[in-house]
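The same chain A turns up in both complexes below, where it pairs with chain B and then with chain C.
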Partner chain A sequence: MSSSEDDEEEVRVPLSQRQEWSDVEPIPQDDGPDPVVSIAYTDEFRETMDYFRAVFAADERSTRALELTAEVIDLNAGNYTVWHFRRLILESLQSDLQEEIKFIELVANKATYKNYQIWHHRRWVAEKLGTIATTSELQFTQKVLCLDAKNYHAWSHRQWALQALGGWENELEYCRELLEVDIFNNSAWNQRYFVITKSPFLGGLQAMRDSEVSFCTNAITKNPDNESPWRYLRGLYKGNNEAFVNDPAISKVCICVLEKNRNCVFALSLLLDLLCYGFQPTPDLNRILSTWGFSGSDQKYANFVCLILEKVDPMRARYWIWRRDSLPSHIC
Partner chain B sequence: MGELEIEKHTQFITSIEKKKDFDSMVMEHLRMSGAYWGLTALDLMGKLDAVDREEVVSWVLQCQHDRGGFSGNIGHDPHILYTLSAVQILALLDKLDAIDADKISAYIEGLQQEDGSFAGDEWGEIDTRFSYCAVCCLSILRRLDKIDVGKAISYVASCKNFDGGFGCTPGGESHSGQIFCCVSALAISGALTHVDRDLLGWWLCERQVKSGGLNGRPEKLADVCYSWWVLSSLTIIDRVHWIDKEKLKTFILDCQDKEHGGISDRPDDAVDVFHTFFGIAGLSLLEYPGLKPLDPAYALPVHVVDRLIFGQPHKQQP
Partner chain C sequence: MDFPSATATQQQQLHVERRVEHIFEALVNVTPGGQSVILELWRDKHIDYLLQGFRRLAPSYCVLDANRSWLCYWILNSIALLGQSIDADHGQHTVDFLCRCQDPNGGYGGGPGQMPHLATTYAAVNSLVTIGGQTALASVNREKMLQFLLRMKDPSGGFRMHDAGEMDVRGCYTAIAVASMLKILVPSLVHNVANYIVSCQTYEGGIAGEPGAEAHGGYTFCGLATLVLINEAHRLDLPSLLDWVVFRQGRVEGGFQGRTNKLVDGCYSFWQGGVFPLFQRLTDLVQQQFSMSYIKSDQWDANSKQECITESAKSVIEENNAQQLHAIETGFIDEESSSTVTAENIFPAIDCFRKTSLHIETVEEDPAGRSRSMNDNMPGVGDSGLSFLDKDIKCGPLFNTHALQGYILLCSQVLDGGLRDKPGKSRDHYHTCYCLSGLSTAQYSWSCRTGTPPSPSAVLGPYTNLLDPVHPLYNVVLERYYDANRYFSNL
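Let's look at the complex of A and B:
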């Protein structure tokens, strides 16, 4: 497949010299005087577009028109009108959509996986194919995420495929694998949350909470400067601050990190949240804060933590000042 | 850090239309958005007179289809993205009376789905970007009542994540661009109560990195366009003072091509009209001297929004 593609690149025959196109009058683009052509292959681009305009205007839904859309897409995969027209042709010709899946992979390989049109087209095809596409969609997105683990389109497509076609069984394990490769991958953390809250097999957030807290606090301990698990931890207790503050694992990871790095912004910020939710200071916390010169008698703990944050995170000092100004009155 | 090179950027923007190189051909299908970026940037700099308004309007009108939507250029299919750009351009040029607003509204109404979301066009791609396009466009046309606003709001709200941000569909990762769309859509439809301002504000201000620029998601590189999306969202929820504005200003100014004009995504990269607009728009929100103020939700100059939506001068949105 790749060799025929290479061949075509070398010996491309202009459309104007191809027998099968002799009956078509190309339509040039009508925006202004003759352009100055600065790059060699613009001639090919222009000619292909001119012929496309002609078949598009004639609404010609033929095999040759389908092939022509492939040529246009090859030159500019971002042209959404060509993709639209291609779908109309595929529908009219009742083409084999498994072949279309192969075509998309070819285009995606050559163009970019950050192209909206390719993903939208893929979704359209997979939707038509139904559950027989489950595996292919999960594999395709996995392949793309292998190259770019944060590709927004790929994640979006994968979430759609899971919900529309199924295939949830190994998704939590897949998230674990990706996080093993890169624990900083926020997309994989997001997918993990998606799985534990939406998978029909896992029983939901409540059922998953303890094991997730353990997974998450492990990740934090290994890399305390990683924003994602700190937010994930809060997400596990979303809307339930009391349970959050009463889970000893939460304050423990916070104190543990601060023991090793008293400047860690994320740990300090979680500590601040805990105090705001009513956390009662422990001897460990007193010891840590005393290294910052905290005596415990003259001001609130939370107030002091805010002052530290203003110092260690000067770019967001105004945020921490606001937090200090809006501390609840009844807390430590 | 230097100054904003207003003359050079004006030259850069007005020369784009004359260029006919490969890049401009590849971009040909989204010319409508390109025109919106360029024209709005020019107006913010007080240079809108550098273009022939009549010529622009007549071209925009040629891109409208029978069904009411606009395409990215002549000879393309209509799409909600370009419909918004077209309406924004006409609003900017004070030429909304040249179009049939009911027809456009009917087109947008037809794209709303049962769950309140919006498709980008007849092919059914769903994304909160399109919810923003729909709400913004109809608000400009003063026809928000043509859609089910309640459902539109609840769909956007359903895309809110545990970190306070928003994604493209329910469960999609928080992303500054999607957050701009969702927060703006909620602001325009008077539903900012669905935004957890403090939680989202903190997530957004965490996007500022050492260079002063802002990124779109954790662990990503700072970028001028993301800086705008974060900045406008922070402005709408009234938390913009949580970032270091001076550092961001410096970052944007460092992304200028001081010789040929234009602004790039990061210092020393190639410039384009997209980042030129977002750079100037960002500086406008940062109250850079000499630039007109920009409305963060409509992404149009405040004087235009005042004229259209409020019919009179108004105070900055809360």
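Let's look at the complex of A and C:
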């Protein structure tokens, strides 16, 4: 890639020396007599922007204007005004949008994938292309996520593509693959939640709940220090605390983890929530808490778990104190 | 110790943790006097860096050419946080410059002649408020601004960032914050905003940029602050939001990560840390939601009578808790050894204050302070930005304020001035602004009234580290906010 870049550098002729631009009067930036935060622009940057300002002011929607926007974007892919003007030109010229897709990939390769403008532009193009873009959008985001598995824009784009264009069939499998590579990848967990709640093929959260609880508790058992599946597990029962407490798999994974590591903050914190939602203490729980000096008789479970959390999770001690202070007296 | 089987996330996390531990070791190995030196905020260096950027930026900043209004805000807010201000000439130059960024049809672009954009509009208005004075404040065309904001409004309730631009929670925050600051917050702007933001709260508890996306620190602050500004914070699931955000503070680093299982980054000192001052003013609401989510007393077979706890009963409970805590501590074996140099070990969250109480120390009322804001609060005009400051703060912060200050001072400061994401990264104006905003937030978290100076124990390092307080919703220095609020109220 670097050699082709060098070639481009070599052949670049200043706009002022290009015959096709001889009729255009460049417009300098109106920075005033005493500019602040002024940037020491390179000559190339300044000149390109001056010509851009001229075509933008004249609202010139021509092929050469389209090419000029590419030059500006090459110098600063964050210039939202240029991207916007480029869309106006593309519409006026009724340009081939498949070519535009290629252009975006070039820009994205060179600049950065962490840029609102590129992704917004991509969404605009894909929306115009419609369902024929389904595969290309899923492949493009997959490529970006290969390089940076948590790229926020790429995930948003992928979710938009799935909802607007389709292509849900293999998405759960894709999430599974990503989690197999890195079970700590919270973006993949989030995508998994998105799929099981939104996919038209899976029947929704209710239908998926049991198998997801099993997938999730497995992940917890293998890596109790991984916060992602703990949050996911709560998410599976969002808005339905009663069912949450009554699913034996939930308390079981909590107890199992605490049997091996009674300091596990995520397990203790879930246990606290369960107690608050009405979970009835079991002999297993009594046994674990007794190792902390819990006698059961006149002590309250939730209160005691808060005290343990204050000790084992000192970073959040103030939060656990607050939770303890907020416990209503009827909770056991 | 190496972890060959560790995933990419674990390896990156361990790498950062080791680096941070190494820096913290320097702190524990010196005398208390030396600690005070190590924990110093390098004010002069930061000011030099900021002023230099204010005057001139290197060619590498060409890629930020559409963010010059932001650069103004990041630099001016940082300088203001450091208790200084630019001189009158420079203030005037900034007003002139921002006027050139103002679109004839309302709103501000990232530079002269650029399209108006909601984010750069927010940055420009906050810059002008920070400069202060009649010329700066009068330079905003409020009528056109309202038209611009209404043009950006989407039927879904959200806002597009610019004409036909992208829509996300940033749009809601920047539009509503600007409208609220300028007193042009009309019902048609507010319509459906809460629905949009609520639809972005995820199963994790935090708020995402768009519905379905991942909970994220930046969007979480933006979403919550917006809802406070329009009096609809109760629409969110606040307990789950709180539970998510408290877990974003790293046990080893002390700083905040932006998302679950991501690396610490200094800028989240404000985006995540800034959520806590909001919660301190919403505690009644949070407690109410908490108890709603708990099992009801009538669903509870035994013990269903709700007793009223007397003072003497309370002290018995406290006594019991102290005994149980003692038992837990005696039986506590820390497998990972509490001697490791982590933020949670060297910056205890509670020991420097009262052991088990969350009560915030009350200080003498400053009648002038209270009346200043009360007088401006015109009856009948709902100004949440102002009235929020007068809300009672009933409890201390629910995060470790010292650990956050420790991360910012030790890991984010750059020797030549400016602040950064994390060790190994370069400084920039964005991180300088949000690290300092987060530092200020942490320092003032122990004030029982907005903006009253905290006790020395609340400030990590020498007391001269104390920054100016910011408005917790707009992130502009509080004094300048009051001036602007008075100005726009009297128009």
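What we mean here is this: the second predicted complex is superposed on the first by the 313 of 332 C-alpha atoms of A that agree within 3 Å, B and C clash if a C-alpha of one lies under 4 Å from a C-alpha of the other, contacts with A are read in each partner's own complex, and residues count from 1 in each chain.
We adopt the following convention: contacts are C-beta pairs under 8 Å (C-beta built on N, C-alpha and C of every residue); 3 or more make two chains touch, one makes a residue touch a chain.
The structure presented is a predicted model; accordingly, all values stated were derived computationally and were not measured.
With chain A as the common reference, chain B cannot sit beside chain C without a clash. In the overlay built on the shared chain, the residue A:W322 is in contact with chain B and with chain C.
When the two structures are aligned on the shared chain, A:N79 is found in touch with chain B and with chain C. Ranking chain B and chain C by residues of chain A touched puts C first.
In the superposition on chain A, A:T42 makes contact with both chain B and chain C.
In the superposition on chain A, contact of A:S156 is made with both chain B and chain C. With both structures placed on the common chain, the touch criterion links A:C332 to chain C but leaves chain B unconnected. Using the contact criterion defined above for the overlaid structures, shared-chain residue A:S187 touches chain B and also reaches chain C. Using the contact criterion defined above for the overlaid structures, shared-chain residue A:R209 touches neither chain B nor chain C, since it reaches no partner. Looking at the shared chain after the overlay, A:N241 reaches chain C, while chain B stays out of its contact range.
In the three-chain model built by superposing on chain A, chain B overlaps with chain C at stretch 239-247, while the rest of 5-13, 23-31, 239-247 or 329-337 show no clash.
Touching of chain A by both chain B and chain C, each in its own complex, is seen for residues 29-31, 35-39, 41-42, 45, 49, 53, 56, 76, 78-81, 84, 87, 116, 120, 123, 150, 152, 155-156, 159-160, 184-187, 190, 193-194, 198, 227-228, 231-232, 234-235, 238, 315-316, 318-319, 322.
Considering their complex, residues 27, 29-42, 45, 49, 53, 56, 75-81, 84, 87, 116, 119-120, 123, 149-150, 152, 155-156, 159-160, 163, 181-187, 190, 193-194, 198, 226-228, 231-232, 234-236, 238, 241, 261, 263, 269, 276-278, 291-294, 298-299, 303-304, 307-308, 310-319, 321-322, 324-326, 328-332 of chain A touch chain C.
Chain B makes touch with chain A in their complex at residues 20-22, 25-26, 28-30, 59, 71-77, 79, 121, 123-125, 161-163, 167-169, 171-175, 201-203, 205-206, 208, 217-220, 241-244, 247. Residues 29-31, 35-39, 41-42, 45-46, 49, 53, 56, 76, 78-81, 84, 87, 116, 120, 123-124, 150, 152, 155-156, 159-160, 184-187, 190-191, 193-194, 197-198, 227-228, 231-232, 234-235, 238, 315-316, 318-319, 322 of chain A are the ones that touch chain B when the two sit in their complex.
Across the complex, chain A is touched by residues 7-10, 53-59, 61-68, 71-72, 75, 89-90, 92-94, 96-97, 100, 109-115, 117, 161-166, 202-205, 209-210, 212-216, 240, 242-244, 246-247, 249-251, 254, 259-262, 287, 290-291, 293-295, 297, 299-300, 303-304, 306-307, 309, 320-321, 324-325, 327-332, 334-335, 343-345, 348-350, 356-358, 395-400, 403 of chain C.
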